[in-house]
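Each of the two complexes below includes subunit A, the first together with subunit B, the second together with subunit C.
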Partner chain A sequence: MAEIEWPWQYSFPPFFTLQPHSDTRAKQLAAWKSLILEYYRITKQAIVDIREVHSSPLFNNSAINRILFRQDNGKLSSEAILLILEELAKSGNASPLDKTKQRWLIYWHTLEEWGEIIYNWAQDNGFIGSVCTLFELTQGEDTTHQEFYGLDTEVLIRALKTLEANKKAELILFDDNQGVKFF
Partner chain B sequence: MKFIYDATLTYAYTMVMLRYTNFESGELVLTSHRFLWGRPGDISRGLTCLSLSLRHIVFFEEEVPGPFSFGRSKKIIIHLSESPVDKMPGPLDNSIYNYIKFSFKEGLDPNFHTHLSDTIMRRVWEFTPIMPLNHPDSNTKNSGDINKPLPQIKTRTGIIGIERSLQEQQKATDESISMAFQDLKKLMEVAKDMVSISKTISAKIRVILDKITLPLQERQGDITEDETVRFKSYLMSLGIDDPVTRDAYKSSNEYFKQLAIQLANILEEPIKEVGGMMTLTDVYCRVNRARGLELLSPEDLLNASRQLASLSLPIVLRVFDSGVMVLQSRSHDDNAIVDVIAELIKERGSLTAEEFAQSEGISVLLARERLLVTEKRGRASRDDTIEALRFYPNLFLEKDD
Partner chain C sequence: MRRKAGVGAIQKQKLEQEKYRDKGTEIQENQFEQMTKQMETFRVNLEEFASKYKNEIKKNARFRRQFTEMCASIGVDPLASGKGFWSVLGIGDFYYELAVQIVEVCMATNYKNGGLISLDELRTRLIQARGRRKEHQEITNEDLLAAAKKLRIFGNGFSIVPIGRGKHLVQSVPGELSMDHTAVLQQASLSGNAYISKSTLCKELKWEPGRTQKALDHMVKEGLAWLDEQGENETLYWFPSLFTACIVSKE
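For the complex of A and B:
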């Protein structure tokens, strides 16, 4: 797992407080977005659980003792992190997994981008018209150098579904057999 | 004739009687007509007491101490005649004795004996008709040593007696209350004088002020400009010599205008001294301290402050987003201040309102407002933690990445 290179904002304490000034806030949110995507890309993670972010070095910089979770009158406020996730969702880089928006999927490429990347790979490697298992795609020997190697299965399925919508692939989902057929 | 003896009295009453009684530790008074006995002080206050008419006395004698008696108290035995048929009920229903005994535990004036026998010999009650009971002192005769009339003695028995004593207590209370109010009236009279004195002083100062503020040529020449300035500064240091008051103006609008002008006059300098801005609470304290007695209400101050802007006076009211209100000098430039603060933040790395207040010598409230203005202009960013709200340079906007 590659080490992330933290941006300068990460050690700048105001980064962890939602800025009220609108221009400042826009810059701050943009910085957070790119940091989160970068972090998830490098660590190959996909899920943010708001209840657990205090244990994530991404949101909790113990070196300067700042956490995006702000203690507000003794109550944990997830306002800031939720705001950032909503921003990510707007650009197609995240989506909530439950109605209370506690768990989120992070897409460092949007689902459409993923679909395209995978379809391009299938075209380049002659998989059109044949079936691949999902395991093959993310863990197989043929894809070790691909970006989607090690991609979260849920993200993968969602990405492939965008292909399905465009009639470029068909998902085959049985209990244990998960595969995709490219057209 | 009246004698008061501090005495302990053993008393058995009515015409046929004698018995050891509980009438102890009282005062015995001998008048030309009667013996009076009461609790200490009761007689002089005119409260309930026992009385024994002297005409019932047959004779009296001093008891010779028996061989076995070692008490030091003197005892006088008074032998009484049979009680008349129409006698009012006494303190005891009846008695088998026909004498009473006075026991003077704390000694007896040697003259008592003579006075008593004299009084009985004179038999004054036979010469003057007995006056109604509630005017006994009008017939306590003469003998020269009466310098105080005897307090009213009344028969006090039954509910009537209780009611009467209540009435009297009420009367006494009324009297003491009206006494107290007399004092108050006097105080108010004095206060009137005080007010008029202060008014004259104020008027005199105004005359002097008018004189010294007359144009140069009209001045009498004996006051130089220097002196004028000095005198004015004295007056200023004393407070406001002639406060604008509501009574002086017909419309409150005009009143607020004048008040605003006065505010501008007295506050322009102080506001500059504290860095161009003063919270309205501070203003309120300062102004009212200077006004002394003619205090301003917060509403009046606020209304007058609102007039400041329209009158193009050197100070204006400013309301921060947080609702904090300040008076600031018109020349006060936010941009300049923001620049200074942004520089300061950069210099220090970060700044809290408390730190800023301390280094600038302004109130924390003001310091906070100024930092917020700086943030509002995008020149600072905040770091809100449990410990404090800390302001940093706005690297988000300043740093290009």
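For the complex of A and C:
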């Protein structure tokens, strides 16, 4: 796993306090957005569970003893992280997995971008007109150097659905057989 | 008789006075002519000197400082005018070019420091931006100050804030910093940290809490300071422009 290169903001203590001034806050949220996407890209994770984030080094910099938007009880404020996740959702980089918005999927590429990346790969490697299993796409030998290698299955399915909507692919999902046919 | 003699005396006196005046003017003219000649010689020499060492002046930071000091001591500002013989030197151009680059760096870093940058960071970034060409390498803080002063003609959108111990910040956002705001920056800089708290300010500057809070609130409102609510005792006000990791960040 590649080491993440923390941006300067990560060691800047006020980065972990929600800024009251609107311009400064906009800069802060933008920096948080790109940091989260970078972190999830490097660590190849896909899911944020708001109940568990306080243990993640991303939101908790123990070196400077700062936790993202800490509340008086010392806990991380879930409204604050929701604020950032909503921002990510606005740009198509995240979406909630449940109605209570406790679990979120993070897309460091938007679903459309992922669809395009996978479709380009299929085109370049002659998979148009044939069927690939989802396992082959994210764990197979042909894709070890692809960006989508190791991609979360749920994200993969959602990305392929964007292709389906454009009639570029068809998902085959029944029982344990998960595959996709590219057109 | 008395009357006639009186007129003669007055006329005589008048004549003498006129003679004196003429002599005076003559002397004055002579002096003026001499002065003009001297100035002319001096001008020619200075011009010769300057064009002869033009490249040296541009290239060598120490030489450039000595030259501008010399000019200053005789009351000449080589940067002041684009016209006349000073323009052939291109000294002004050197500083104008620098000034434009200063503006560029300030604009490029505005998003993270809110339009306040230390002279040292400015210099580092400028040297990077100007590239590795040898004649561009030596830019001193004095050069930057001289160039930044030229930017004052744009009104209060650009100013230099001395923060003590020979350090300066360059401010590139409209909205002038008052003495109080400058004092806050000075304290933060002198503390060696990139932050300051209300109680420290009250203690060091012997200010009323209200005055301190007003100054700090203004800095936050201008986007120059960030709030940190997770300090040990009280709110800390941080300045990205003084924060080392921000200064050395390649972004």
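One rule holds in what follows: the second predicted complex is superposed on the first by the 177 of 183 C-alpha atoms of A that agree within 3 Å, B and C clash if a C-alpha of one lies under 4 Å from a C-alpha of the other, contacts with A are read in each partner's own complex, and residues count from 1 in each chain.
Assume a contact is a pair of C-beta atoms (placed from the backbone, for glycine too) under 8 Å apart; a residue touches a chain by one contact, two chains touch by 3 or more.
Predicted model only: the values in this text are computed from it and were never measured.
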Once subunit A from each complex is brought into register, does subunit C clash with subunit B or fit beside it? clash
Which partner does A:Arg66 reach: the first (subunit B), the second (subunit C), both, or neither? both
Of the two partner chains, subunit B (first) and subunit C (second), which one does A:Asp23 touch, if any: first, second, both, or neither? both
After the superposition on A, what does A:Thr144 contact: first (subunit B), second (subunit C), both or neither? neither
Have a look at where A:Pro13 lands relative to subunit B and subunit C in the superposition and call it first, second, both or neither. both
In the superposed model, where does subunit B crash into subunit C, at 73-81, 91-99, 235-243 or 361-369? 361-369
Intersection of subunit A residues contacting subunit B with those contacting subunit C? 7-9, 12-14, 16-17, 19-21, 23-24, 27-28, 66, 70
Can you list the subunit A residues touching subunit B in their complex? 7-9, 12-14, 16-17, 19-21, 23-24, 27-28, 31, 66, 70-71
Subunit A-touching residues of subunit B, taken from the complex the two chains share: 350, 375-376, 378, 381-386, 390, 392, 394-397, 399, 401
Residue ranges of subunit C in contact with subunit A within the complex: 111-112, 114, 195, 220-221, 223, 226-231, 236, 238, 240, 243, 245-246, 248-249, 251
Could you list, by residue number, the parts of subunit A that touch subunit C in their complex? 7-9, 11-17, 19-21, 23-24, 27-28, 65-67, 70
